[in-house]
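Paired with subunit B in one complex and with subunit C in the other, subunit A is shared by the two complexes that follow.
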Partner chain A sequence: MSSITANHNADNQPITGLKAQLRRAERMKKIKAMLLVAPLALFLIIAFVMPISSMLWRSIDNTEVSSVMPLTAAAILDWDGQGIPDEAVFEAFAQELRESRAGGGLGRIGRRLNYEDPTFRSLLTQTLRGLPLSTEVSWTEELIGINARWNETSTWLAIQRTAPTVTDRYLLAALDLERDIDGKVAQIAENQRLYVSVFQRTLVIAGGVTLICLFLGFPLAYLLATLPPSKSNLLLICVLLPFWTSLLVRTAAWIVLLQSGGLVNSGLMATGIIDSPIQLVFNRIGVFFAMVHVLLPFMILPLYSVMKGVPSSYQRAAVSLGAHPFAAFWQVYVPQTVSGIAAGTILVFIMALGYYITPALVGGPSDQMVSYYVAYYTNTTNNWGMAAALGALLLVVTLLLYMVYHKLVNQKQLVRS
Partner chain B sequence: MGNNNYNTHPLEVECYFSPLLSIFINKSVSLTQEEKDMQTGTSNEPLVRFTGVQKTYDGESLVVKDLNLNIQKGEFVTLLGPSGSGKTTCLMMLAGFETPTSGDIFLGNQRLNTLPPHKRNIGMVFQNYALFPHMTVEENLFYPLKTRKMPKHEARQKVDKVLQTIQLESFAKRRPSQLSGGQQQRVALARALVFEPQLVLMDEPLGALDKQLREHMQLEIKHLHENLGLTVVFVTHDQSEALTMSDRVAVFNDGVIQQIDTPQALYEHPANSFVAQFIGENNTIMGKVDSIEDDFCRVSFGDGLGTRASRIQSLSTGSSTRLSIRPERIRLNGSSEGLPNRFKATLHEFIYLGDHLRLRCELAGNDQFYVKVPVSELCPSLSVGDAIDIGWRDEDVRALDAS
Partner chain C sequence: MKINNRTTHKFLTTSLMTAGLAIAGSAHALTVITFGGASGDAMQEAYYTPFTEETGHAVTPGDYNGEFARIRAMVETGNVSWDLVEVESPELARGCFEGLFEPINWEVLGIADDLIPSAVSECGVGTFVWSTVLAYDADRLPRAPESWADFWNVEEFPGTRGLRRGAKYTLEFALLADGVTAEDVYDVLATPEGVDRAFAKLDEIQPHIQWWEAGAQPPQWLVAGDVVMSSAYNGRIAAAQEEGRNLEIVWNGSLYDLDFWAIIQGSNHVDTAHDFIRFASQAETQAEYSSRIPYGPVNPDAIAMLSDEQAARMPTAEANLEGALAVNTDFWVDFGEELEQRFNAWASR
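Let's look at the complex of A and B:
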């Protein structure tokens, strides 16, 4: 019996030793691989993951009031929203308002409360000026004495809304929604609605640009894939030529070409096709022209790379089986380029969704896309919450589209493998 | 072609051949010799005719030079040659994917030059099968019937029959990428035959298979051809494949058919030194024609050596010649006694190949002279460096052109 056990051990010993050796050998490889990707991973975390997550956080961030006025925020959240809050809330508010003058807290809460009511900032400064030095007073009476609005429920409701540390108001506002007095989600007044139509416009422009790019890019990619290498290389350089110039210069060039006294209009007039200049720029036409021009290579390149891998023998086989060459192209060739079409359209569409400079330069006021408003809120009004909410929604749209793309490509790979 | 009736019961057929074959066979097993002759085209009218066909891609050099080739109905013709010899170009011109620069190609009575490929009704099996990857096996087989607008139920019957007989019914809904190479090959063949074309072209269809499967498929295709009376034009660069399968082999080089003949005639009686070297193993000795005696000639070579050789080309006295001898035709030592042509050679190397040995010898200064000996016939006392006697019959050595 013991000899059997000994045998077992003798058999197992080298195996575990082998496993340990294998692990050691693999560990060295793993460490090397991790060291190689470490700089990139670090860069991605600092330059990509952190900014994006902080941006996403800002779209629900509501800490202005609760950080500057922690006691007021805590007290007012217990208020039932009927009439006006009790003396304790008034006292905490008055004390913390006085303290907020130091360290710029007043500015922060002023800006935040102004989103609820654009006159709030002046109300706060006026109240601050009127606060008595003594602390042995009825704060309710004092504040109402300074401004009668402190006797209104809506004033305190506005403060109550800003008290929680997170809010959905930016995200709702980015969809033209708000919380009404009862806290229910409702559409804002019709004349104030904006962002839903901006999102629609963004999708329409991005979709249109993608379709035009596909329509123009597919035949060119096919030509590139079927030409002999020497010619196709030359053509490929021509496709990539626009990348040698800055985006701004190319967009400006379109303005020069398309403006009413520009090359295109004067050419059309000289040939007698039109009598007076037509508006080609600072409207939707100009946006399409410039964006298609910029994004076309991003359609052609993925299409080309997929088409390069489709042997011509498939089409020949279809023709030899009796299909008209055109039918062979549609039934046999095009289905095999689906992954290229998916990659090209998704790439162009996602890039077009985020376009900012080109529509801003060659588009009119009604051609501005979501990114324009993101830029507007970050650069002009400093409303990071709105900018972040619009950005987050755009990100959601992009991610949804990417999932669709992923599914399509995965199906395709199943076919190919 | 009316000789395929898919409704006959498959069990009437000699199934020991292969599953693939039994699809298409039906009454052919019961054909009389006369009927077979009709099928295999001993009638005078060739099915395919190339007359004076030339092809150039760049307008400077001819890829195919003045090609004249007749292919009878029911014949299995292989176009064999090194790459760039023009064989694939010929096939592509026949299929319609290349147009002849000059000359005519006929299929039956129809001139093909201006007929677009999709109207030619020629089945083709491609090098890498070219099964459509986005369609299932079944959809692939339906494709040629759909393009011909065949009624659905009729097409269904044909496809089911084909699937059953290539034994891939359970694979009908699979994609080609989920099949093995041999299965893909069968589907490709079935797809080229399901619409019953009058001619089948095969462009190196077995190149991607491993050796064993390739040899199996060679026989399968050969049997298929025999039993269906198919007319097949087969392109390959593998000479053993060509010899195994074909009724006739056309050896291409430099855009010209060097010789077109039965496999046996090609091997035994090559018309020139290219064919002799391209097909099978071959020893060559450069020599000079001393005299001509009917079909034979006397050739001197090396340092005062001479042999009688069968003569093919229009060799004249005094011209230089290349002698060609197959390694297996050379007799060694004792067995060479009594042969008219005997020489002393030096043994340099034994090369063991299992069923036979190859001996590398030196004869008349040529140390790449090979002799093929069955293992059982080798004298065990031989060793490297020995002087050995070798000999051959007059008719086993051929005096060819010197080029």
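Let's look at the complex of A and C:
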């Protein structure tokens, strides 16, 4: 006993040193681990966080006019909106319009003002051509002389709306809303309303595809998990096979199969089940066929990996204790696969939400999902504000749904266990 | 931030200038950028090689995919390595508005009278014409349709019809079918009542329409018998005809559009580019180009130099221009988004 105490006393100093060494080693380990993760973190920031935040910003960005015409923007914000603005605004506008042609500024303000009124671009072109070279003139008279529209309150109100640095017009437009003359939020004309129904159909298609995938995928995954390895491996290869073919090719293959002169229709007609071809593609049916086919493996794989770990003995025990086989399956087996169902459904649902090329090719006009319009605004009309607003809303809807879903799944698991 | 930007800018300018000098030092060639492909090959034979032989100016050909941002970046940084580009009409309108292209001096060029009117533009010179037409399979119809009114006539021509999914072309065709003359189509469409009228006309055949997305679809659908007639790009139909399909085109009420030559703002070879444009707009060179690919010449004299069979396929043949209508690009650049939204709302009811 005494020797130990003595020892302890004698080694007091070295032990603190050891602690420090340990701490240092731990710290080194931590730094090494962080260095290992650093490339991934950096990648995530560059490829994920930055683009998404820039997209979110673009959906409210209204800096076109205030960056190209800073003086005009500042001056017109002070205008009370009655009659026409004073000479100072006219002068600033004329000067800055002339200068805007350098560096692409004119294109940016022309595009932005066109969203307020589709005739603005030609008005600007005409005005630019007519601007006098001298600076000693009354700009109010000159501009009104070029086009009488500069004498209208609505023209200047449109410019005033583009002057602040942020706007809610894109987000409102993505919900079929707009601000009326008084600045109140109102629904747009009925024949222009589109995006609310597009969001609804996006959710309906994604939800439908997810459910079909679950019903088709669950039995197959169960089969895969219970078959002897030699057979299940072969089946698994069949499940993975579609990954080796391009998405576009698989989509085109469905068109060939389902079109009115296609294999399915001629087969059904040859067997006498139908008399004339039925419309299977370029409508909702085609979209479901093609999307379920493409997304099915993403449901099967998580289910399979969870089912592989579920021992069959529990179900057998339930049956031997007198449970009906279905009750044993439903109350004993299925609850153990909830995490697989959760992973599979969320994976398929979120992938389906962003589908673009498949509905574009095998769907009709009423089957186009949100991303079709995002692509349209990005590529065809260069209206990135609108594209960003649609994308941002889709992101919000997805996050909300995910939170609800997360809660539901967690509760269910708690109850079962 | 400011300093940072400037340093980067300086570094970029220096390196780009060095690269530019290296290229400039090797040859005083005219850099001509097109969409490439079969059209680019035809241009090589019809324009580039003879131009170099005749004038001694070398041509450096190149491809792009219509990336507008590249042209904008070139003009904004002042490092213009392209001289002449082939652009489609919406890009020409946008680029001209933004000052990215040199205005064409038509007096100096002196060829305005030789070309069809829609080839003459503020910043561009048309180079070829393509068309969106009414096409049908002659083996499947009892009588040849003659106009868009026949396209709307579902009693005499029962069956599904194909139209491009979108407002552009569709609204024009609807008005033509409703009896509006080709000259008045855009005047009518510019009014709210005209738009309502076009959509009301579309209501009549909405259940009979199958909408296409890609230009390859209409000829395929026609051949497969999925649709009895369809709007289609004339080049696609010509290709199917060459494969021996009995597809026919109704030129009455066709909508034609052009691809243009545009000179990039700040190009060092503006005069050579003008010479090239003048050379490529002659009847002989245009005929040479159009004999290799079914795009119509902008110089009407070229038609006579083609074989009868080829001439009949040209959107700019005199007989084919009758009742045809030039796409009003400015209209679509300004009103496109609004009309496309209304179209999509209408089509997905």
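Following the convention adopted for this analysis, the second predicted complex is superposed on the first by the 382 of 417 C-alpha atoms of A that agree within 3 Å, B and C clash if a C-alpha of one lies under 4 Å from a C-alpha of the other, contacts with A are read in each partner's own complex, and residues count from 1 in each chain.
The rule we apply is simple: a contact is a pair of C-beta atoms (placed from the backbone, for glycine too) under 8 Å apart; a residue touches a chain by one contact, two chains touch by 3 or more.
The structure displayed is predicted, hence computed values, not measured ones.
Are subunit B and subunit C a fit on subunit A, or do they clash, once the structures share the same frame?
fit
Determine, under the contact definition given at the top, whether A:125 touches first (subunit B), second (subunit C), both, or neither.
second
Once the shared chain is lined up, is A:336 touching subunit B (first), subunit C (second), both, or neither of them?
So A:336 only meets subunit B here.
After the superposition, just quote the angle formed at subunit A by subunit B and subunit C, using C-alpha centres and rounding to the nearest 10°.
140
Should A:193 be classified as contacting the first partner (subunit B), the second (subunit C), both, or neither?
In the superposition, A:193 touches subunit C alone.
Considering only touches as defined above, state whether A:285 meets subunit B (first), subunit C (second), both or neither.
A:285 contacts neither subunit B nor subunit C.
For A:321, select first, second, both or neither according to whether it touches subunit B, subunit C, the two together, or no partner.
first
Subunit B or subunit C: which reaches more residues on subunit A?
C
Just checking: does A:313 make contact with subunit B only, subunit C only, both, or neither of them? Give me first, second, both or neither.
Only subunit B; A:313 stays clear of subunit C.
Quick check on the superposed pair: does A:220 touch subunit B, subunit C, both, or neither? Answer first, second, both or neither.
neither
On the combined arrangement from the superposition, state the nearest Cα-Cα distance between subunit B and subunit C in Å.
Minimum C-alpha separation, subunit B to subunit C, in the superposed model is 45 Å.
Hey, which residues of subunit C end up touching subunit A in the complex?
72, 75-76, 94, 97-100, 165, 199, 210-211, 213-214, 224-226, 330, 333-338, 340-342, 344-349
Sort out for me which residues of subunit B touch subunit A in the complex.
By the definition above, subunit B touches subunit A via 95-97, 116-124, 126-128, 130-134, 143-144, 147-148, 175, 177, 191-192, 195, 201.
Enumerate the contact residues on subunit A facing subunit C in the complex.
101-104, 106-107, 110, 114-115, 118-119, 121-122, 125, 191-194, 197-198, 201, 259-261, 282, 360-361, 364-366, 368, 373, 376, 381, 383, 386
Which part of subunit A faces subunit B closely enough to touch in the complex?
311, 313-314, 316-325, 327-328, 331-332, 335-336, 338, 414-417
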